[in-house]
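Notes to accompany the following structure.
Here the chain labels run A, B, C and D in written order, and each chain numbers its own residues starting at 1.
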Amino acid sequence: MKKNPLTDQQQSEIDDIRSTSFQTLRPTVPKLEEILYIPLPVLDHGFIRVVDYMGDDAAIVQAARVSYGKGTKRTRDDSGLINYLMRNWHTSPFEMCEIKLHIKLPIFIARQWIRHRTANVNEYSARYSVLDNEFYIPDAQQLRAQSSNNRQGRGDLLESDEANKVLSILQEDALNSYSHYEEMLNENFSGETIDENKTGLARELARMNLSLSFYTQWYWKIDLHNLMHFLRLRADAHAQWEIREYADVIIEQILKPWLPITYDAFLNYRLGGMQLSEQQLLIVKRLVTGEEIKHNPEEISATEWRELMHKLEIKE
Amino acid sequence: MKKNPLTDQQQSEIDDIRSTSFQTLRPTVPKLEEILYIPLPVLDHGFIRVVDYMGDDAAIVQAARVSYGKGTKRTRDDSGLINYLMRNWHTSPFEMCEIKLHIKLPIFIARQWIRHRTANVNEYSARYSVLDNEFYIPDAQQLRAQSSNNRQGRGDLLESDEANKVLSILQEDALNSYSHYEEMLNENFSGETIDENKTGLARELARMNLSLSFYTQWYWKIDLHNLMHFLRLRADAHAQWEIREYADVIIEQILKPWLPITYDAFLNYRLGGMQLSEQQLLIVKRLVTGEEIKHNPEEISATEWRELMHKLEIKE
Amino acid sequence: MKKNPLTDQQQSEIDDIRSTSFQTLRPTVPKLEEILYIPLPVLDHGFIRVVDYMGDDAAIVQAARVSYGKGTKRTRDDSGLINYLMRNWHTSPFEMCEIKLHIKLPIFIARQWIRHRTANVNEYSARYSVLDNEFYIPDAQQLRAQSSNNRQGRGDLLESDEANKVLSILQEDALNSYSHYEEMLNENFSGETIDENKTGLARELARMNLSLSFYTQWYWKIDLHNLMHFLRLRADAHAQWEIREYADVIIEQILKPWLPITYDAFLNYRLGGMQLSEQQLLIVKRLVTGEEIKHNPEEISATEWRELMHKLEIKE
Amino acid sequence: MKKNPLTDQQQSEIDDIRSTSFQTLRPTVPKLEEILYIPLPVLDHGFIRVVDYMGDDAAIVQAARVSYGKGTKRTRDDSGLINYLMRNWHTSPFEMCEIKLHIKLPIFIARQWIRHRTANVNEYSARYSVLDNEFYIPDAQQLRAQSSNNRQGRGDLLESDEANKVLSILQEDALNSYSHYEEMLNENFSGETIDENKTGLARELARMNLSLSFYTQWYWKIDLHNLMHFLRLRADAHAQWEIREYADVIIEQILKPWLPITYDAFLNYRLGGMQLSEQQLLIVKRLVTGEEIKHNPEEISATEWRELMHKLEIKE
């Protein structure tokens, strides 16, 4: 599914920018420098590129201590403090790291993404420029029916006939809408005029014929605390599969090499584990005394009961 | 262009909610109560409805004074203070008013709108629900070419042949994409299954075939300071015409009846007038002494020179 | 400890503003109207007054559904949806309610409070006005030593001799600093000049002699989602006792009458219950199978072990 | 007035952190590297240290273009685009630069500073640690009376007798409050117990005896757009002199070497020049035609008239 998402021109610009290095006194993370500027593929045409970053694990400690120099001398101390901060929701030291990403993503995913407000965004302007002829076509294994128990998710795989029909609709309509986009602009993607007798429609209007499956791209800059908040919500099983693909790449290919201590704490205290409601906690208290409990709807809703049994791996 | 944007069912819900009034000790604005819940039409299918509001002109004064009761006794004092606050960018008292709007707007406009981050938004979910078959078709007089001097705006009107072609493309592609949307969902808008032998694609996926011209809707809540910031940018001549239509309705049909004193100050200190750069100020200083000045590119750019001459109504 | 925190003039302004009611079509909460504008005492001179509010429980449902009229007809449906939203961190519908409070609080608490950035604040200006001669003196039972296990909290009560010494220092230094404040201003609190031969120091400078125990006041406006976030952190046992006093008043005397359904969900899903880390969840899974477990520092830190045993009421 | 604000220990930590440099592919600004970590003195004990930064002038262009490599090849192109962006309030590319500062400042200034919400802050905790015995004493030339025409600023210098009295009050009260702070803590600044028979009051309480003139410190991280917004308001003649001292250091000693092109544009389009109200613009239009105008209160307020005459250097 994943192809090299770059043109030769883009690849050459990236090679160029990676060819010069500088001396700096700032905290520097060699493992992240290795992938700096290089696109990490996501979906069929998307990517995430780290364009810049500020801080490392030690910078979190340094800020928490309001230090004049480095925070601590020993990695082990850093680890203890970072775990303490994460566990107790002392979020301000995590805000002291920042990352800037260049992301290419389908518009319907971009619309979910942008709901996270505490970030800086600069999007490619379709008022000013012509959009690329690139749109998202899901893998057949992603073509699923509306879920019956999660009213905003997907459930079973479509049969192959129905899936094929869907794929051909998506493909043909996208090609058709792009072709009409060019016709209305009176300009093809290379910038050549199509018909000398026409003036072409303004870009800000013609774009409205494109579908939500088309790719857009933006620079997105966010501090570490808000990044982890985004990741916790968007790597969740309830998030749409396509945005989870982006979240997973950020977690495993960016957060992990950038901030290995914070990454471990994030898995332990945010992604893993479980938030117990007061009612669930009451059930757990009784379970650990050896009491056998059946679901009682007066005590707890069926959904929360099921979630608890599932998380505790208790079979009923 | 503007039609009644409501179904009978929606109209009846609004009639119902408008039929009961309550006693309150809160600041209340009778002129705004008159239009509460009623859609103000924008574009061909869009609207803005005031769903709730907090505060009035006097509440700004009350907050600025950190008062125990009302801010002042006399409207004239309120006016003096509000003008002072607006002129001197004392923004926090304006943040003490809040408004909640229900807005129906095309997706490509929604994507511009959402870039204003300091607001609360709850959007109709196309993961959970099926979108309406409503899309934006511009008036012929809005079909303009890319502007030659403003690289992200529109310029001259299209010739009627070209305009007609554009309208038919927009119309047909939108109808086609909605029809395919229903087919992929295997469900029409009334919720009836189309083909019993199919399962239908999940909503969160099928929606990606719809184009950016389709209407979405959301609840949008914002404080007065940030609302005026939004309005200043989006009622500007550089903003896309379609979003200006929304901004103008908010200014003239909502802000004006809600907060008449603030409305006047907003026109005087924000929308009207002009921001002079240091270089422009130097030119103005010389002009008022009677000096005759020609454009000198070493002193000021051509763009700023033109803007200044235009604003001062000086013909060259 | 709690006295009537109002002067006669302030009381009369409040009586005045409470004497006129208006007709409104907006959602209105009679239980909150009962206390509107009336100060709820906190600490020795502080208070919280509800100055305005927007929305009720039904307004959350209405926003979640992007409704044209009311959200639902039946309170029971509202309750189910609100619990669902709270449990699954669907926060945007909660942002659709807003409350405006007038708060009087000691400066050292105000400095903690203001760290919550997603709120609107308008503070009484000590550049413009003279501050009141009111400062916080803790009850003797709040005079505690630095905690030995919580490095930023308090532990055991001071002996009465030491406590009395502390009280007299706090009292005398505050009186002294206010008296010098007046002397530097050359103006007493009633606005009378003290010495005709002096000019008096600017207020923005003289205030710096006052201590952090002095009371300030502000208008504070916040949406419900961010209010609950504030309350979760500030009603927590790790928060400073004085700010918890404010948080508790908001929860029990404001949130509860304003939004009874949301209040219940907030207690169940936010204040009550427990966040289990991945490591804690592993322990719980083993405990519910009947396994007897002792603390193993390779599996989990001593702090998390203790917290877990405490929450599950397991004695070791 | 300005002393070396560091202890030997702090100086040695800074020397240490400046002794190691790294290779990076990130945008790097040699002129800013020169002062990285080094305190720039402000007031009598305060400072600003650049702890980290992200981006340079070219990074603004790169983001505005959503580039794969560098934004442009030529500095001249960068300059044109940056001026265009600044002039037209295209703020998002400026948000793509970030800076992290360590700031030491008096508490009464910190309270103004923190009102700028769009920043990340980690403050030295007086719940956890003991504050330094350092407080702000103004220069005699800063001891001014309340201004008669600006109701929240300062006016004429105090006579020397009155000034001396003020200085001795500020000095003595601060020393006295710190000495009582230590006594209540039962611990001096070096961490030695004062009286073995006492337990000492918790730090979170004892601190409330300190006055607002004491220094605190924090890490403060902000993007360039919001930094310039802060600077525009806090370098303004209406801002308190003490905070202007900090703003001026940031502008001249940090912004200028970091981003020389943006610095120039900031001076031209933000700090310099003038915002004309609609009424002022009408007057200017008439002035440039040679019309002689006297102030007419029906046309424009006296304040705005005075401001305009002052800015245009017109004598009446």
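In this text, contacts are C-beta pairs under 8 Å (C-beta built on N, C-alpha and C of every residue); 3 or more make two chains touch, one makes a residue touch a chain.
Source: prediction; values computed, not measured.
> Over half shared numbers or under half: where do the identical copies chain A and chain B land at their interface, same or different?
same
> So if I superpose chain B on chain C by CA, what angle comes out, to the nearest 5°?
Between chain B and chain C the superposing rotation measures out at 180 degrees.
> Compute the distance, rounded to whole Å, between the mean C-alpha positions of chain A and chain D.
35
> Averaging only over C-alpha atoms, locate the centres of chain C and chain D and give their separation in whole Å.
29
> Could you list the positions in chain B whose residues touch two or more of the other chains?
In chain B, the residues touching two or more other chains are 92, 115, 121.
> Quick one: which bits of chain D touch chain A in the complex? Just the residue numbers, please.
Residues 6, 9-10, 12-14, 16-18, 20-28, 33, 36-37, 51-55, 59, 62-64, 66-70, 92-93, 95-96, 98, 100, 102, 120-124, 217-219, 221, 223.
> Which residues of chain D touch chain B in the complex?
That would be residues 83, 87-89, 92, 115, 233, 238, 267-269, 271-281, 284-285, 287-288, 290, 301, 304, 311-314 of chain D.
> Mind listing the chain B positions that touch chain A in their complex?
Touch list, chain B to chain A: 106-108, 110-111, 114-115, 117-118, 121, 125, 127-128, 136, 138, 142-147, 151-156, 158-159, 162, 165-166, 169-170, 173-174, 176-177, 180, 183-184, 198-205, 207-213, 240.
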